[in-house]
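Both complexes shown next keep chain A, but they swap its partner, so chain B is in the first and chain C is in the second.
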Partner chain A sequence: MKTLLNKHTLFLFTVPAFVLYTIFFISPMFNGLYYSLTDWDGFSKDYDFVGLSNFIEVMKDEQIRNSLTFTTRYTVLLVFFTVIISLFLALLLNSKIRLRTFFRSVYFFPAVLSLLTVGLIFNQIFYQVLPFMGKGLNIEFLSVNILASPTLAQFGILSVNIWQGVSIPTILFIAALQSVPAELIEAAKIDGATAVQRFRNVVIPYLIPVMNIIIIITLKNGLTLFDYVKAMTDGGPGRATESIGILIYNYAFEELKFSYGITVSIVLFFIMGGISIIQLKWSSKFEVK
Partner chain B sequence: MKISNLFTKWMSVGLISILSMALFAGCSSNQPTAEPEKQSEESKVEIEFFQLKPEAVDTYNEIIKKFESENPNIKVTQNNVPDAKNVLKLRMTSNDMPDIFIAYPNEAEFKKYVEEGYILDISDQKALENVNPNVLDSIKINNKSYSLPISLNTIGIFYNKAIFDQLKLSVPKTFSELIAAAEKIKAAGIVPFALSDKDDWTAGIQANDLIGMEMGKENADQFFADVIEGKQSTANNEVLGQVADKIIELRKYGPADASSLGYDQAISMFSTEKAAMFINGIWANPSVIKANPNLKYSMFPIPATEAGNTKVIYGIDAAVSISATTQHKEEAAKFLEFLSKTETAQLFADKDKSPSVIKGVKVNFEPIQNLTQYLDENKSFEWLHFKWPAGMEGQFNKEVQTLVVTKSKDDFFKRLDEEFKKSKK
Partner chain C sequence: MMNLRSQVGNIATYFILAFGAILIFFPLYLTVIVAMKTPAESAQSFFALPSSFYLENFKEVINRVNFGTYVMNSVIITGISLILITYFVPMVSYSISRNSDKKYYKFLLIYFTLGIFIPFQVIMIPVAKMMTQFHLLNITGLIILYVTFSLIQGVFLFVGYLRTIPYELEEAAYMDGSTVWGTYNKIIFPLLRPMTATLLIMNALWIWNDFLLPLIMLNKSPKFWTLQLFQYNFKSQYSFDYNLAFASFLMSMVPIMIVYIFTQRHIIAGLTNGAVKS
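And now, the complex of A and B:
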């Protein structure tokens, strides 16, 4: 009797979250899947079923290929730099330095700001401050707004994204570093392992689960890149920084191709799901069992 | 033990139901909480005016104040949000239309709203009697009127009079004179044009104007209709090639970081005298004056290759429509009638600095005189995109923006061909 009651109670506790999740995430997803099979423009009262023709169109679309290439390259760079920099910062902030708590909060600070605010602030920095410095220091490529250059604009966005994006991974890495048992490291030391060996064979395996989460979160942030681009370049110059997120937005709201926009987002969903599964399978090999 | 278990059980059930009730109450509209407030102003009818033009907020507030003092039982709430056009569309689909809203009756999108039945037929309203009949006819859909037009827009080149005087420049009559003037300004160390290519429409309107002017409005309409059908290619059109060259040439005289500057930044460059000219619509006038009330400037039309060919492009800038689902038809119609009065329209024109389509209204604003003269002399034509399928204008602007960055005419024409063909339904 007692266990039965407990089971019910536990189940009931999941109801609110489950209901909300269904209403706000699951049902819109199926709704989207439904609309991707139509030619709905976003406001008409009726629309036709067009089957899979939206998906076929997506495969042929040059713009989508262009923004997929940009988004993929961007995401790879973002994940790489985020992991490296946040790991480096975590190692620094975990060592015994002076004002450790102060520096930890300094590095965490960007995380509390909204993406759009950060984008707009850096927009001004790129527009006013950097060219001023570039001219003063005679660095040619910095003397004009780098967001105006089709080749450099993406690095402008990337650097802002990394600046804000490393804060939470850093905290996660610090937590993971503290979970490494001190006696294991000590034992390795006694066995004569060098600092590099200790880091590779003792510390890294404890960091893998956290690194997995960080990679997946950053991957998701990179592939769904929207806010920074909207605030800083709006996909320009030309189409140089047109991320998939921006493209979907433009299709749905600027060009009245709502169902087509949804189709692109569904394709993006499958790409992301696929990458996440592969990534999880691959990295679980290195984890501490 | 048993009691405590039972207690936990019912406690949790109770908590959960309270929680979920609270959550769902949050989802549904908050009518119950708003009710007591409403009852205190029982006789007052509130209508929402969804206003799409950020630069006109103050002007409409003034008009609303006057309207409310004449009609004490009606309260008009002006609502202006960022990205208003998209918000309006979303509110349409979610059955939450504002009572009155700003519309752009020339555009293909507006015709679709009408076809979908979102907009009230106001053909028999008194408000329309005071409107220039030619304009009214030009926006009828199936012989019915769905909006009250108020003002016209057109575009031209803003120029700084002090800089022009200092360099002894006169108003350019041809495009090559314009480039020659820009060259002199550049030599004097001033940026000739405050270009803002980050906002694609600011580049798009230049192309829209130049194509219509050089090709001739009727030819251009026919040409793009053929492109949509796939009978013609933009790549083979000589005039279009020349326009693309001109658009690219103008970029030599813009700021080095033009492609990262937006509309607001361009206005600020021009009003702080960092740039001598600024190509945009007359709707920018209130913002320019606000940014620098002492600026001495005027406007001239974008010149054609041949002096005699210069024309101005125009469309209806702001019209007001009533939603088909409004609960307060009478009150909304009253507000429209108030807007159409000569005194109200005069007040609007004085503030908005735009030519009015309401009878008896005169705008006395020097900078636009040069453009309105072209309108009066019928040296004018309507925006090209009014004849294009809905959504095509945004795509066109994006392609022009890409052209000015990549400078690749071949890609530009290829993309235009594709997109025009795709836009066919």
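And now, the complex of A and C:
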């Protein structure tokens, strides 16, 4: 008995993980694919098989198209600013200055807070504090609540997202910068390369793998944006900040459009997969060989 | 000349970093001071320090809601999930990495890694439905989901890390007649400690701060609320009373702030480690 158990220990090690993952991740995924082909509302006993008509309707649905446009634009801006700002901060935090450790822990701090708390705090700031300051300083666009404006609300959310979202990328870029061999930089210096040339030709190739990770993480965060919107605008004003994440949640839990919500989520999956493939292909061109 | 230029550069660096630090601290400063003011005081000025060490807002929050229960729920959910994650993830990863020539284990690696490409939203709705049918819309159900979802990234990280650990140690142990479990427990698991730390830090931050899963699973029964759900619901009720609102924000942030102050080095190192390895 004992030797038998010993022989199969490695197999037994896989059982809890396999069972949990199959029941609570893989099976819902297939259920989802199945329901997307039905018209189930999530509660009734009966539902019909409707083929691909949910997908066709999703393509035609203007609300979804608006939401996709908003989410995509938001994500592009988020990725762009996150990469630029965190790389800039990493360069500063990697230079030989005093208080470097202190600054690093300050800049990393937002990463440990919950998105919801940060969203709620900034919601109050946008609502109470900034208009107060805007009026005092006579800056017109600040003197009203940005989150109440259909055109500006998205930038309010975006700036909060960046405030918190650059923390982890900054630390990752610092780690990447430290992995650049010092001899290589010295050699380039001796060969007469300027600071800009050294950065472009020696440092950047070492940053590419980390930059890939950052872009993929940020893309995923942007495309599934939920917590900040729920904390700040709940999709409003009107439907101006209704992200795909919010839309799917509302379809499923507020509007009883169960199978329709799942269909949108599958569309989201294809968008994310498509962008990731393009991004990986693009960045492999720059990889250190 | 060069010296002067680098000095100007240094001053500019300090200036920018200090400005950024102010941007980071300003919202936190506001949270702390507004939480400690009377409504009358904050009506006069948002930015001024409170005139006294006023703690009534915190008392008020505690009186109105079961704050202790929410903290306990968050602690229980995060704690139990982490304990289970520490067992399950390294175990399955060890099996996969030491059997990489066998079909079942090869399949397992692909099977778990597949999950990385699937956004949570895709399974969110069916999972919510399923948990309702299983009567698992409670803390147990939520813990099951956290442990399950942690496997995806966890197995990926650990199988990679295990490749760097040489087989010789285990082989020597087997020669001496050690069982598989004994070898794993006494030799492998201790060697995995750096990666386990990374795994725990990443999952602790995620589970403690998560909002969407508790919202789906627990929002209907206040006795199960986590800190995040408490904040969300408190905001909808008391958004007009912003001294109380800020007091609730501060109270929810305090536990993680304390942990951060004492363990920041480990948190930063752990997260960097995880991302670089993946």
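We adopt the following convention: the second predicted complex is superposed on the first by the 265 of 289 C-alpha atoms of A that agree within 3 Å, B and C clash if a C-alpha of one lies under 4 Å from a C-alpha of the other, contacts with A are read in each partner's own complex, and residues count from 1 in each chain.
Assume a residue touches a chain if its C-beta (ideal position, glycine included) is under 8 Å from a C-beta of that chain, and two chains touch if they have at least 3 such contacts.
These numbers come from a predicted model, not from an experiment.
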**OP:** In the overlay, answer first, second, both or neither for which of chain B and chain C A:T9 touches.
**Re:** both
**OP:** Could you tell me if A:G42 is touching chain B, chain C, both of them or neither one (first, second, both, neither)?
**Re:** both
**OP:** Could you say whether A:L20 touches chain B, chain C, both of them, or neither, answering first, second, both or neither?
**Re:** both
Original post:
Residues of chain A touched: more by chain B or chain C?
Top reply: C
Subject >> Which of chain B and chain C A:F132 touches, first, second, both or neither >> reply: second
**OP:** Could you say whether A:S105 touches chain B, chain C, both of them, or neither, answering first, second, both or neither?
**Re:** second
**OP:** Using the touch definition from the top, say if A:N145 reaches chain B (first), chain C (second), both or neither.
**Re:** first
Original post:
In the superposed arrangement, does A:L268 touch chain B (first), chain C (second), both or neither?
Top reply: second
**OP:** Could you say whether A:P237 touches chain B, chain C, both of them, or neither, answering first, second, both or neither?
**Re:** first
**OP:** Determine, under the contact definition given at the top, whether A:L184 touches first (chain B), second (chain C), both, or neither.
**Re:** neither
Original post:
Do any residues of chain A touch both chain B and chain C, and if so, which are they?
Top reply: 9, 13, 16, 20, 42, 253
**OP:** Would you tell me which residues of chain A are touching chain C in their complex?
**Re:** 6, 9-11, 13-14, 16-18, 20-21, 24-29, 31-32, 35, 42, 89, 92-93, 95, 97, 103-118, 120-125, 128-129, 132, 163, 168, 171-172, 175-176, 210, 213, 220, 223-224, 226-227, 230-231, 244-245, 248-249, 252-253, 258, 261-262, 265-266, 268-269, 272-273, 276
Original post:
Where on chain C is chain A touching in the complex?
Top reply: 10, 13-14, 16-17, 20-21, 23-25, 27, 30-31, 46, 88-89, 91-92, 94-96, 98-99, 104-105, 108, 111-112, 115, 117-130, 144-145, 147-149, 151-152, 155, 179-181, 184, 205, 208-212, 215-216, 227-228, 231-232, 235, 242, 245-246, 249, 252-253, 256-257, 259-260, 264, 267-268, 271-272, 275-276, 278
Subject >> List of chain A residues in touch with chain B within their complex >> reply: 2, 5, 8-9, 12-13, 15-16, 19-20, 41-45, 126-127, 131, 144-145, 147-148, 150, 153, 233-234, 236-240, 250, 253-257
Original post:
Can you list the chain B residues touching chain A in their complex?
Top reply: 5, 8-9, 12-13, 16, 19-20, 23, 86, 89, 92-93, 109, 112-113, 116-118, 197-200, 256-261, 265, 390-391, 394-395, 398, 401-402, 405-406
